[in-house]
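Starting off with a structure, shown below.
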Amino acid sequence: MKKLINSVEAVEEQMIQGLVKSAPKKLRKLECGNVVVRAEKKENKVALVSGGGSGHEPSHGGFVGKGMLDCAVAGAVFTSPTPDKIFEGIKAVATDAGVLCIVKNYTGDVLNFEMAIDMASDEDIKVDHVVVNDDVAVQDSLYTTGRRGVAGTVLVHKIAGAKAEEGATLEEVKAVAEKVIANVRTMGMAISPCTVPAAGKPGFELSENEMEIGIGIHGEPGTHRDKIATADEIAKTLLDKILADIDYKGREVVVLVNGMGATPLMELYIINNFVQDYLAAAGVKVYDTMVGNYMTSIEMAGFSLTLLRLDDELKKLYDAPADTPALKR
Amino acid sequence: MKKLINSVEAVEEQMIQGLVKSAPKKLRKLECGNVVVRAEKKENKVALVSGGGSGHEPSHGGFVGKGMLDCAVAGAVFTSPTPDKIFEGIKAVATDAGVLCIVKNYTGDVLNFEMAIDMASDEDIKVDHVVVNDDVAVQDSLYTTGRRGVAGTVLVHKIAGAKAEEGATLEEVKAVAEKVIANVRTMGMAISPCTVPAAGKPGFELSENEMEIGIGIHGEPGTHRDKIATADEIAKTLLDKILADIDYKGREVVVLVNGMGATPLMELYIINNFVQDYLAAAGVKVYDTMVGNYMTSIEMAGFSLTLLRLDDELKKLYDAPADTPALKR
Amino acid sequence: MDNKKILEIIAAIAKKIKAEKDFLTELDNEIGDGDHGINLARGFKSVEEKLPTFADKDIGAILKGVGTQLVSTVGGASGPLYGTAFMKAGNVCKGKMELTDAEFVAALDAAIGGVKMRGKAVEGEKTMLDALCPAYKALKDGIDGGKDLIAALADGIDAAAKGVEYTKTIIATKGRASYLKERSLGHQDPGATSSLFMLQTAFEVLQRG
Amino acid sequence: MDNKKILEIIAAIAKKIKAEKDFLTELDNEIGDGDHGINLARGFKSVEEKLPTFADKDIGAILKGVGTQLVSTVGGASGPLYGTAFMKAGNVCKGKMELTDAEFVAALDAAIGGVKMRGKAVEGEKTMLDALCPAYKALKDGIDGGKDLIAALADGIDAAAKGVEYTKTIIATKGRASYLKERSLGHQDPGATSSLFMLQTAFEVLQRG
């Protein structure tokens, strides 16, 4: 394992410290743990709390700030944070307008957030949550855990964050978050694995001509392994799966071409070149495109594609100002 | 070589196409080659032209837009563009106020830009240039080619771009660019190499416990190889070299913690955690910090640290609005 | 079984989990995200550190304390699940300084109920329940049939071990491994394995007497 | 030497450079950025494609055309340098359909002058000049001493080859290799090597007659 770190034990805390120190006027770390909040608590609005394991940088701490999150709780690498830390985060940012937790659909995240929400409710904090499940690589079914939450979460942060900033009620913010969730779909792939610092070795191994299709964001293997193909072929595979899931035809979308951490921007742009042409040919109108590292898996090389189907409300909120380390508008 | 590309020959063009298609309302590609310009030509201001080899994404095309560049010319990977393409770029954005070319100090870049500037001057375009040489890893000497231009170039783009946007004259824009150059210093390192697509294999090899110190941005080996150390120790090595070069004590600086392409943001934040503490202890006041991939070497893992010493003018211009794919303010 | 014995079992489980950290992580690498051993080791290390403060507490308080500690240090799926298991077991042992065999069985039942409730899972979904449920059944059958705790627990461990083997033959429908569908076949579930380790350790401590 | 021969030499150089692409790139990997062969191969491929349009042109126009083509396709340091070299050689051959031996020597001299001017470099800085300058000197000495062009060029090639060897013993002070300081020792300069290849190829074509 070759990493630019100081010690395996210190990774999460030094990373959060480093993030906060990059914007000390805007961000603050809670004493109790790796919980990032806005330096100045915003009153009179619904507070947005997100989080999950570390290793997805800039998610989630990088999206704390005006127009997006109020708080991000970071667990150990790829391990959802514990209820007590989430509870501290909720307490720190809770307002009379209430708190909305944005949870990605993983058993661990859901269970820990649920327990934290119980703890907050017990203290009469008004708190609700939404569960993001945008990954079309895994089948949705009543009998399983359902789809995973992946890069689409960033768009939930953006849009629910804008709604909250507008002064909407908890119910309204939750409704718009649910609307994003209903309209956002993602699928990802990897050409090289990542290494959890504490594990010391990669989560899986791929030979020179192999790739994993349908990966999540925790370094796990994907739904299947395949022979590596061209960027265009791979992008087509992912897009076809997304486009088959809900009807995008004739609709306006936001495209997110997301790098998994070690993918050079050069490759993400090459992928975007295909994506734009393919969507145009499929009769899908691109309203805006984001290309970069938004929801990563440490130093995994690979990418995910996300499409968010828009309506006027979502467009307006997508365009609304945001001032966070990782997303400015 | 494992890359998300379509063919080695198509890398540069598809990449530039993908960039432009990510912001079609703001960017345009010239027909003649991999030259990115603002979608709408800005008249009545000095036009800024930059460029160099491809492989440094988001540099340079990602910095075209309001408040920064008017044009970026991309050569083959790690190979400076040819004079004819640079000339086309200059012609496309030239205004009566003139053109300033921002060139990094590499023989290839300097020679090709010089020839292009000759061609433009022959056609009575008012054009001048500055040469960025911020890399303290290599000694400055009258008898050598001098220092390389590396990540500090991004700050030259930002600040000279803001000055030009204000409507300053060519002489004024050049003067402020020179001021940035006089005050900006960078040093970088790598823990893994990168692969030029056309070459098909990495530029050098490092064993599990080795690193290269004093690398440039073209995948070349550094000034020396060393046993790998902790993030803090490495950051100290680079900072000490930078701090020894010009006097930063008691001054305000911009800090740029720049990833080389495959470095996870997690590690850049861990590095920043040390940098901020170390600068505070050294009596250097941090005005603002940028952490991310700004001047990369394809999929190299490593980072560079840049310090820019500020005065009131530079602070104001650094803070001025910018609206480009890779930098918004 | 008195509170000292319970503390002894907990201490032994902590030791065992730390020793099996890499193995459990390796299993989770195959069908999960490679952190199960790391997560549990982190949690049980902090439980170990807390143990002295539990010295004179009743069994309910001890188990509840262990559960709370696991919840706030393990994270992931297994943190709330094992945490809830210990807390629920603690509930039914409230105020007790000693447990009868039947009470021990009831505590395990409560623990399993906690996992099912929290994880919304049943047997056969390739989770820790596939070790815990068969173990419980064999243990209960043994006790009900007149065996002593050690003998019954020996049956329980055999059943849990079979359950772990069984997880190799089924597709996960809960937890992270469920995303792999067919690819989860052939691999044993990390959580079922850690459950087996805990039961085995309890057995060994009790057998030592 | 008529314009046909010049075209033949150019075509042969293009072939040679393409054949040595990987080797030149490998050399540049050691002390540069690993693109010298790629750069020159790209340039000479496009020169090759242009050659038919030069068929009936005079030598000056051919060399100038080659230079212009190199400048607009090679990029990097070697593009402007070799481009300028060919353009400057073209200048002194303007309008000529044939070259005397002395004119050939003068053309090489002009080419080298172009490299020195453009690159602000002199001999001994570990660049292409360390092949070109000794080659020129030996060639000129040979011609001045009464040797025929082939014999004199043979001397020139020997000198260039020695120059390439010499580059291994010195630290680069120009170009990208200069950043490596002592680390550039022991490695031959890619540009000097490509210059040697060009001279060798010219020699071989002329020798074939």
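Here the chain labels run A, B, C and D in written order, and each chain numbers its own residues starting at 1.
Here is the rule we use: a residue touches a chain if its C-beta (ideal position, glycine included) is under 8 Å from a C-beta of that chain, and two chains touch if they have at least 3 such contacts.
Note that this is a predicted model, so its numbers are computed, not measured.
Colleague: Going by the contact rule set out at the top, which chains touch both chain B and chain D?
Modeller: Touching chain B as well as chain D, we find no chain at all.
Colleague: On a CA-centroid basis, which chain has its centre farthest from chain B's?
Modeller: Using the mean of the C-alpha atoms as each chain's centre, the farthest one from chain B is C.
Colleague: Between chain A and chain C, tell me the centre distance in angstrom, where each centre is the average of that chain's C-alpha atoms.
Modeller: Computed value for the inter-centroid distance: 32 Å.
Colleague: Using CA atom averages as chain centres, what separation in Å is found between chain A and chain B?
Modeller: 29
Colleague: Return the distance between the CA-based centres of chain B and chain C, expressed in whole Å.
Modeller: That gives a centre separation of 55 Å.
Colleague: At least two partner chains per residue is the criterion; list those residues in chain D.
Modeller: Touching at least two other chains: none.
Colleague: Can you tell me which residues of chain B touch two or more of the remaining chains?
Modeller: Where chain B is concerned, no single residue meets two or more other chains.
Colleague: Based on which chains touch which, is the overall arrangement a line, ring, star, complete graph, or other?
Modeller: Looks like a simple chain-to-chain line, open at both ends.
Colleague: Let me make sure I understand the interfaces: which chain pairs count as touching?
Modeller: A-B, A-C, B-D
Colleague: Show me the residue ranges of chain D that touch chain B in the complex, using the header's touch definition.
Modeller: 25, 29, 31-35, 38-39, 42, 71-81, 118-119, 173-176, 178-181, 183
Colleague: Residues of chain A touching chain B in their complex?
Modeller: 2-7, 10-11, 14-19, 21-23, 54-55, 57-58, 62, 191-192, 208, 228, 230-232, 234, 257, 261-274, 276-277, 289-291, 293, 296, 298-299, 301-303, 325, 328-329
Colleague: What residues of chain A sit close enough to touch chain C in their complex?
Modeller: The touching residues are 53, 75-85, 106-108, 111-112, 114-115, 137-139, 143-145, 148, 196, 198-199, 203-204, 214, 216, 218-221, 223-224.
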